[in-house]
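Okay, handing you the structure first.
Should a chain be cited, it is by its letter among A, B, C, D, E and F, assigned in written order, with residues numbered from 1 in that chain.
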Amino acid sequence: MEIFELVRINLLSPMVLAFVLGIVATLVRSDLRFPEELYTGLSIYLLLAIGMKGGAELTKTTLNEFFMPALVTLLLGVAIPSLAYLILRRLGRFGVADAAAIAAHYGSVSVVTFAAVQTFLELQQIPYEGFMPTLVAILEIPAIIVALLIARVALGQVGHWGEVVRDLLAGKSIILLLGGLVIGLLAGTSGLEQVAPLFVDPFKGALTLFLLEMGMVAARRFRDLRRVGGFLIAYGILMPLVNGCVGIWLGNLAGLSYGGAVVLGTLAASASYIAAPAAVRIALPQANPSYYLTASLAITFPFNLAFGIPLYFGIASWFYS
Amino acid sequence: MEIFELVRINLLSPMVLAFVLGIVATLVRSDLRFPEELYTGLSIYLLLAIGMKGGAELTKTTLNEFFMPALVTLLLGVAIPSLAYLILRRLGRFGVADAAAIAAHYGSVSVVTFAAVQTFLELQQIPYEGFMPTLVAILEIPAIIVALLIARVALGQVGHWGEVVRDLLAGKSIILLLGGLVIGLLAGTSGLEQVAPLFVDPFKGALTLFLLEMGMVAARRFRDLRRVGGFLIAYGILMPLVNGCVGIWLGNLAGLSYGGAVVLGTLAASASYIAAPAAVRIALPQANPSYYLTASLAITFPFNLAFGIPLYFGIASWFYS
Amino acid sequence: MEIFELVRINLLSPMVLAFVLGIVATLVRSDLRFPEELYTGLSIYLLLAIGMKGGAELTKTTLNEFFMPALVTLLLGVAIPSLAYLILRRLGRFGVADAAAIAAHYGSVSVVTFAAVQTFLELQQIPYEGFMPTLVAILEIPAIIVALLIARVALGQVGHWGEVVRDLLAGKSIILLLGGLVIGLLAGTSGLEQVAPLFVDPFKGALTLFLLEMGMVAARRFRDLRRVGGFLIAYGILMPLVNGCVGIWLGNLAGLSYGGAVVLGTLAASASYIAAPAAVRIALPQANPSYYLTASLAITFPFNLAFGIPLYFGIASWFYS
Amino acid sequence: MTKLKLVTIIAEAILEDRLVRELRRLGARGYTVTGVVRGEGAHGSPVIVDPGGQNVRIETLVSAEIASRIGAYIADHYFSDYAVIIYVLEAEVLRSDKYL
Amino acid sequence: MTKLKLVTIIAEAILEDRLVRELRRLGARGYTVTGVVRGEGAHGSPVIVDPGGQNVRIETLVSAEIASRIGAYIADHYFSDYAVIIYVLEAEVLRSDKYL
Amino acid sequence: MTKLKLVTIIAEAILEDRLVRELRRLGARGYTVTGVVRGEGAHGSPVIVDPGGQNVRIETLVSAEIASRIGAYIADHYFSDYAVIIYVLEAEVLRSDKYL
């Protein structure tokens, strides 16, 4: 299929449309509000569901197949924040704290983008490795630590460092993702079946609901777009493209399947908006949250959701033909 | 089937029984409380689900079939509040503000009543037009504006008028209903299928849960029944009957199917308890909320849910035989 | 099957694993928080779902079969708190208020433990009587009243007594359980089918999510374990075993099926953590909540969930062979 | 502007209904409840009876006389067995007859 | 430490957006909203328009002059038709220029 | 009744745990947190890091001496980088030894 056709199909999925609806609701200043507790509940659900499904599929994987992909994922976790930092400092002329803060976000991952690419591949009926949620967990944290380390070296200090690293490792997304994985692994396929009517079947619907809220959250950041400037807007679109290609390439080298490489590319391309902001706000309080939140939530996330995923799918096809 | 039998079947549906349970829980002063966030979450879900399902079915409709029903719906939106206002002023001897406030509620619609009639028809396996949710959106707002306009003319002023109209058009029920419609329309039947395990299959169950809470909300208004007086109680039962017949008759004229006419009749008969109260409280603060909330929530809503829907179904059968 | 094998299977179910995950999340001081509203929403759901399913099955039962089991359940409601009180006073050397408070908890039941044993039996494909939820409702309240009466006699007074009894009878778990039963009974199997995609199919998944939160709640009480002392810890494990055996034995006498006796045993063994704490805190404010909450939530609940249920299943098999 | 007392009670959530009833009986003409609030004090973390429940904050604007009546009542009935605190601020109000 | 006024408004939730806008216009440099809060007063239980909505509490630290301007404005525009109360406390702040 | 200080801190929700720990260290014997609260001030809308998080209000009843210690500490450690305000009210309490 052609890339344009893929983008069109993707744009007309209920998930992307719900995201757009969220944006529209905010722009017309609707009184539509998502209860914070529903947001929290849905994100617990999504993380756990992703983990459990991955865990149940892990029972079919050998550790062997897993080793190389895990290694290149770790590599991505070091390479992307370093590259991102350099670009932001040199080309973007950002200060140390702001550059490191943004780099931490682009090195880490967005779980919802992961869920979206999973859904996209399932609709295209392209299989991918069952251990991909494990790679999400592997990619989420190291990049943040690397970026904070860079700032620590460049600035001579970073406040509350030990606490920040501990909080990262015990962060809710890690706990739920890895916890779900272990549950899925131990309970196996038959265990997953018991809870499938909640954790598998309605997953796409729950993601749709969640993206409605994400659209509202993203749109609330739109008015900051002017303030953050043209460079960051371009950065929020081009950096994912670069990272996505690197991810696909490394995935291919590591022996991932076509679907697996698309997922790893998307993960590399995605920017964190849960783990990274919380860590950065504590460890680098002097960094301006407008920069990293706007870039991650209002630029890169929508871009990946609407265009990035089909693009990476198209790009990966060059590596796999 | 006979009307009595229909009423009996309807009363024994899980939805109506859950509503009764909510009433009982409040009357025995149980500590059962529905978290407000669950209420909000469920109403977001119901509106979006109704919209999406309608939208997916719209793909099968021609604009042609839609034109006349839309027109009579708009007509209802002007006629009902005017009629309601006159009756309340002349027979009920209400003041201008109170009469206009109540008229706004009876001109507008209750989305949950719509969901209930939909469910009722599905159980009776009576088809209805896919564009009915569109008619809900069409009927919701104009009647409120008409009623407020009447008050504005009669009183010489209405506070915050422009803002009120804007808020109405960007209100959450319109956004979610129309937004869902567009999502369903663009994503099509195959898109709806992806999210059906969340947005279609559990719909009746979610409605049941919501009606449990609605029962508690309605029952909390019961002690106001004495205060509002006999006229308003009679009004809350007779006005829906009149409006329901008018709705069925116009639906029939506009060429709607049997099921479609029942739905339009029920919409006409239903009274708003979301959009109208919010608008009226801002635009007509001098109107006594006890009147309009009690009539709408504690009289008309339960009446329609328990008796109205099967009645309109029976009445419509005279037009379609 | 051997008991060890049953325990192993039970420990690897998604429900128990989710409970363990909740404990782990708390112990590593994760920022994972369950919104209180989600907790409340899920408990409303579980109670209603249990009731409705039981009600629909009640349509297949004669009152005849129900009489003896109901009677022995009432007997348990008097016997267990009395026995528990004596043991706590004599062997545990607890004061009157503390002993009565704890006895109230062990006489009453834990609905989630009931849900867990239901799920366990379904996986083992062992049938049980449809009226078991009715027995939950019968066993929940009397034991609390008996325990409070004991304290009232021993202390010469109990504050707010009438109010407490009224609150117990109108408590949310009774309202939802009995309400659900009546809904299920009146709507029948066909009514239940309409709402099955919400109230039946995802039940195990919802229970899993709920147990994740219960694990966090239980773990937050772990640091009180040292404070409550060795006696209460032993009590929290041995008392359920005794009560479980008595329950199975009486169930067998009353003519319950194998599955039914396992359920009654588990009910007898379980300790309340909703109705009892609320009543006790008001009626016996001088009792130390650390004792009863820790014993019930941090000892007996996890024990029953992980080990008790398969044990009672094994023990009951001796009575039924 | 008239000077009144703003009495604030922070108490276990389970006491809300009862406290509100008693405030009324002691002469308060209105009240506002904020909850759930979290907190710690002499009793450590609040005694969470229902795993959901925590503390609530109840505020009432009253005359100085009723304020001290409420203070005495709460001290008598709640301080020994429950995690409850009470404090009083000086507030200026419009329409003071509304509260008296 | 400088002395400022802490103005508290308790109002029907539906008024939140409008009140915040008006506070800004009357000169408040910031505000904090706590909501939903429950309560009862002269109007009985709060007028719950959306079955979800109740009251909100809006607080703003301002100079004495702006405090009385706000008081007058609220009395004029809200007391007759809405369930709204307002009271003022004396507060000490650091960085007082932030609020003036 | 004894006079004490009611110190109120309004801060980004992400700081809650840290602030509570520090209050304890500075001598507070208890505290109450209300959250989430919404608000705006010099930093505009609160910096919502997790899309869910907003502000929290932390209150603690302490002696005048500890109140000013807390004020100085917060000013030193939070004013430059975080959206945090602090103010102090005069409160009367029963059982003042509980807070000292």
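Keep in mind that, in the parts below, a contact is a pair of C-beta atoms (placed from the backbone, for glycine too) under 8 Å apart; a residue touches a chain by one contact, two chains touch by 3 or more.
Because the structure is predicted, anything quoted here is derived from the model rather than measured.
Colleague: Which number of steps is the smallest that gets you from chain C over to chain D via touching chains?
Modeller: So the least number of steps between the two chains is 1.
Colleague: For chain A, which other chain has the most distant CA centre?
Modeller: Centre of mass proxy via C-alpha means gives D as farthest from chain A.
Colleague: Answer with same or different: of all residue numbers used at the interface between chain A and chain B, are over half used by both copies?
Modeller: Both copies, chain A as well as chain B, present different residues to each other, with under half of the numbers appearing on both sides.
Colleague: Name the chain whose C-alpha centroid is farthest from the C-alpha centroid of chain C.
Modeller: Farthest by centroid: E.
Colleague: Quick one: report the Å distance separating chain A from chain C, using the average Cα coordinate of each chain.
Modeller: Centre-to-centre distance between chain A and chain C: 41 Å.
Colleague: So how far apart, in whole Å, are chain D and chain E when each is placed at the average of its C-alpha atoms?
Modeller: It comes to 20 Å between the two C-alpha centres.
Colleague: Approximately how many whole Å separate the CA-defined centres of chain A and chain F?
Modeller: Using C-alpha averages as centres, the distance is 35 Å.
Colleague: At least two partner chains per residue is the criterion; list those residues in chain C.
Modeller: In chain C, the residues touching two or more other chains are 35-37, 40, 197, 202, 278.
Colleague: Mark out which residues of chain D touch at least two other chains, giving numbers and ranges.
Modeller: 34, 89-90
Colleague: Pairwise, which chains touch?
Modeller: Pairs of chains that touch one another: A-B, A-C, A-F, B-C, B-E, C-D, D-E, D-F, E-F.
Colleague: Going by the contact rule at the top, pick out the chain C residues touching chain D in the complex.
Modeller: On the chain C side, the touching residues are 36, 39-40, 160, 213-214, 217, 273-274, 277-278, 281-282, 285-286, 289, 293, 297.
Colleague: What residues of chain D sit close enough to touch chain E in their complex?
Modeller: Contacts found on chain D: 1, 4, 6, 20, 29-35, 61, 89-95, 98.
Colleague: Please name which positions on chain A make contact with chain B in the complex.
Modeller: The touching residues are 12-14, 17-18, 21, 24-25, 28-38, 119, 123, 197, 201-202, 204-206, 208-209, 212.
Colleague: Hey, which residues of chain C end up touching chain B in the complex?
Modeller: 35-37, 40-41, 44-45, 48, 52, 167, 170-172, 175-176, 179, 182-183, 186-188, 191-192, 194-199, 202, 278
Colleague: So in the complex, which bits of chain D are touching chain C?
Modeller: Residue positions touching the partner: 12, 14, 18, 36, 47-52, 80-82.
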